[in-house]
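Structures are listed in the sections that come next.
Below are two complexes that have subunit A in common, paired first with subunit B and then with subunit C.
And now, the complex of A and B:
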């Protein structure tokens, strides 16, 4: 029975990793659809989100089933908890990608031009973060997971930069406000994806070490108690 | 019984072993507020030449539940039974090291084992009520120990503390054998409690019970720690996780890890603990 459980756990880990790859692909396509104003690619992102939704339910159901039937402890429990939480973050990342794709459907390349460089840089940084977090999950590598956190600050800084640019432009002219809101929405969703990638990295640290590093002060206080 | 601890002066506990096994890291991370009731330091218990327990050091805290887990033959029951000298009855048993109850050496010459067992009661794997009425099962120990209070009150209080009063209050003078297995086990706990012990040792107290009776005993253990220190040996790791505050993992006579139960079952520090609790061996 133990071997059977270990095999089921490995199957689930692989399934979750496949879902992570799918989400990584979708984010890349969402970024491209925005930057190229590619409507068909945007449609593809929206369609592929259904696959992510289905996978989310399958993975969650399997986690619950394994918990109920095998009452895992130790590293097995941590793995199932991490898969469950990462599963949720992956699904939310795909939702953010869909939000970006929906904007891409009616954006044009010119509307993007003032912020194009910053959005491009944000997209690259966010995809890099996501790739890192997913790699950390696959290898249970704490160092790779930790490297994700610093990049999140960079993404936040880029997001702030876009907000400032849009505020300045909006003050100068009310023309093109709808386009600016589209750009702001794309930036916001990229920033959210970075946050979810950070969550995944935090869950990887929990998986590998048992330490909850989220909300550092709270975790430290709980440890003292 | 061959006791090598009949004086307070201890023999070398590591005699016969290649390497010293005393590891201060396995002592539980008790806060200064937690008082130690039982303290073992490099305790080794042998049956003839065979060392069933080897250099075990741990501190059992007051008013908490401490579980001892490990595969069959790891020495957990031997260690538990050493705490109230139940192993004294086993021929060729010898013990070395230091086993202290509230600072007093349990195996010193002056220690009266009968008095010790009054302070450190025991509940066994299979319910073993006396062939007497429910009332007498509880009252007997106190009566022969010269209890001077109101025996009716003591019986009621003990049965209430063992969470069985409501089920037996109308049939106190019926045979204890008329009770179900789970009720008999709670009666045995009431019998142990009636002597007003300080510590309750429980050796697989639920292994002969169905899931409902087990749940009742587990609830009871949680209540008991308010008044007693409980040391529980169990094969059921989920039970250890549910009811204990601290868990000791033993393997092949050695204490591998001792820590807060949460830590043992979520992020154990030793690989062997990890392998055992996740069912990779054992």
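And now, the complex of A and C:
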């Protein structure tokens, strides 16, 4: 491949990594806006999502342009595919952050209080997962990527815990149902972000090793066939 | 010495050998051909002489009638005297009278033979041609028999060219053998010369190669004064200069490295292409606390791989007012550019990072820097400078804490002062509004309120003054010899009524040994009074307070132990801050000024004492002051 192509590919990889940390930043702000019921921070999150959307389109069209013009093979092709898929996940994560911020706009601190601790823990876990996934992508580090999978289960467990709490509270009193739904929505979005982070980690493993680790059984079966 | 012969050796050797071989070959060829020619001439002269002798012998019997005699003579002379010499007697009309090789009677007329025609005409003739009679190339020499006007015939002697060649072959073989030996000798000589001339060059090459490989200790042995020796000397000089330069550069680099790595600020420098150029350990500690890699391992990586924070990535990659190319052409322009853009390009962001030592508040400042141009991209004429970006990370955790405390102080002080003040205002307003008929009791009560609250304000202002005096260090405290037991006794006396009012059991234990210390009695009093006040305030009715003093190795320890509410772990660090009060103290009935412990700390520092705090919620608190003796 030409040096020109290598440079373009490297620029694109950097651009995608920059977008990833922008998304990470947005998620952090979204979590803070929810926990502190900070309306101005929530507005900021919604505003910054536009940057992510723009960036997503730019990255995607650049991937397609490079594929069409240079017809890369091997690891270059894998990198482009991984960037394309991660790009998509990042955009969805930003959307989840926006959803959380929208809840934050009309939430009050009191409504949160019973689940506040769990949400805080969930937020920390999810942000850690996302940071690891992004770090793994930036450095192509398989070990870091694998560390995200274990955390995903932890996040799922926390999500279940919140649902149970809300169900129990809802059975006890029908007051404050709207607030409880808000909390549920925040938890749901956090859980989704964790799933997308897992996807990114899987794509990083694909990028580094060429192995598809998603849906463990299917991949194993395909290998047998 | 391992003999690795280079191309130069082969060039020298082959050139010498070739020249010698060509010279030899030409000389041998010239000598041999000269020799051949000389022999040829010699031979024909010899043949002529023989032919002339024969002519004299046969002149008077040269006719057809005595052909048999002549033939016998021919055979005799041809066979015996000279091996390979053929003798022929021919009459003037061409009839062969006798021949040493063939039968004369069967031979054709020899009148048309060129040598015979020449001899008949001029007296002698010679020719080299193919003989049909003996089927060989022959050299014929003919001499006329008889005088010019009485020609009888011709005596012809001939010799095969082959035998002439055979004769010269020996000489030729000798010449060729000589030539071969000479060529061999010449080759050896050439080899020796080539070795001799190429050796210094080879040594120079080896030295130059080891210098370029980084071994600056390599020296060349220089012998003689020729051009190669001059080259060797220049090489040695170059090596010395290079070694000095490298040492200088290395020292500068190490100085710079150690300075950068010892900086308390994190430093990250990236070039225009977004690649890390320099990073120090502090920055790695702040940004990559989980990865224990060396500084060098990050150099050359992209900014995105190293910096996990989007804000920092933006700071480091996006210069304010950067020209699109990022390249500045002339150095002077570059300097101006950098000066100008340093102000403009500086951007600041404050952010929280979680590092190995917990969450830190970091002030990140980024500005443009001029980097030396990349060798690969710069053209030699325009010493193009590259504009990179430097990121400076300053840990402002402590600073921001101090700022917070200061901000809190102002807010707290005004708040704390306003509370009693508003109580006083309310009482005074009530006093204004009530008429003279008012209850004397009520008036007394109101005055009591004013009294109590103004007293509290006074105490607070007094504390504040004392605190600022302690903190500014302007107050003078004279050290005197005091006994620990006496100090405790004084404290006991002054707090006796307060302790009695709360029905607190109050024990003092003093050792029998001497616990005297030389220190400021006033400051020690302030510390103990504040601690005891707190102990009384937070110990419920019926509780217990223990005062004790004991001798330690280098200090005397005063201990105030209570069975009060205790202090939560999270508050233990903060209770020494001004106006900081734990929740119970703030809301409870027995609130203080919030300044007591903040006075204790600078007071203890002033006398060099150390404060130790042990506390558990609901169990009690033990404060220990270790005063150096």
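In this section, the second predicted complex is superposed on the first by the 224 of 225 C-alpha atoms of A that agree within 3 Å, B and C clash if a C-alpha of one lies under 4 Å from a C-alpha of the other, contacts with A are read in each partner's own complex, and residues count from 1 in each chain.
Here is the rule we use: contacts are C-beta pairs under 8 Å (C-beta built on N, C-alpha and C of every residue); 3 or more make two chains touch, one makes a residue touch a chain.
Just so we're clear, the structure is a prediction, and the values are computed from it rather than from any experiment.
In the model built by aligning both structures on subunit A, subunit B fits alongside subunit C without clashing.
Legend: residue contacts after superposition of the two complexes on their common chain; A:106 is shown touching neither subunit B nor subunit C. In the overlay built on the shared chain, the residue A:214 is in contact with neither subunit B nor subunit C. Touch criterion met: A:74 reaches subunit B, while subunit C stays clear of it. By the document's definition of touching, neither partner reaches A:65: not subunit B, not subunit C.
When the two structures are aligned on the shared chain, A:164 is found in touch with neither subunit B nor subunit C. Here's the short version: in the overlay, subunit B gets within 19 Å of subunit C at its closest Cα pair. Subunit A has no residue lying at the interface with subunit B in one structure and with subunit C in the other.
Taken together, the subunit C residues at the contact with subunit A in this complex read 274, 302-305, 307-311, 313, 317. Listing the residues of subunit A that touch subunit C in their complex gives 10, 13-14, 17-18, 21-22, 24-25, 131, 134-135, 138-139. Every residue of subunit A that touches subunit B in the complex is listed here, in rising order: 1-2, 5-6, 71-78, 209-211.
The residues of subunit B lying in touch with subunit A in their complex are 237-238, 241, 263, 265-268, 273-274, 277-280.
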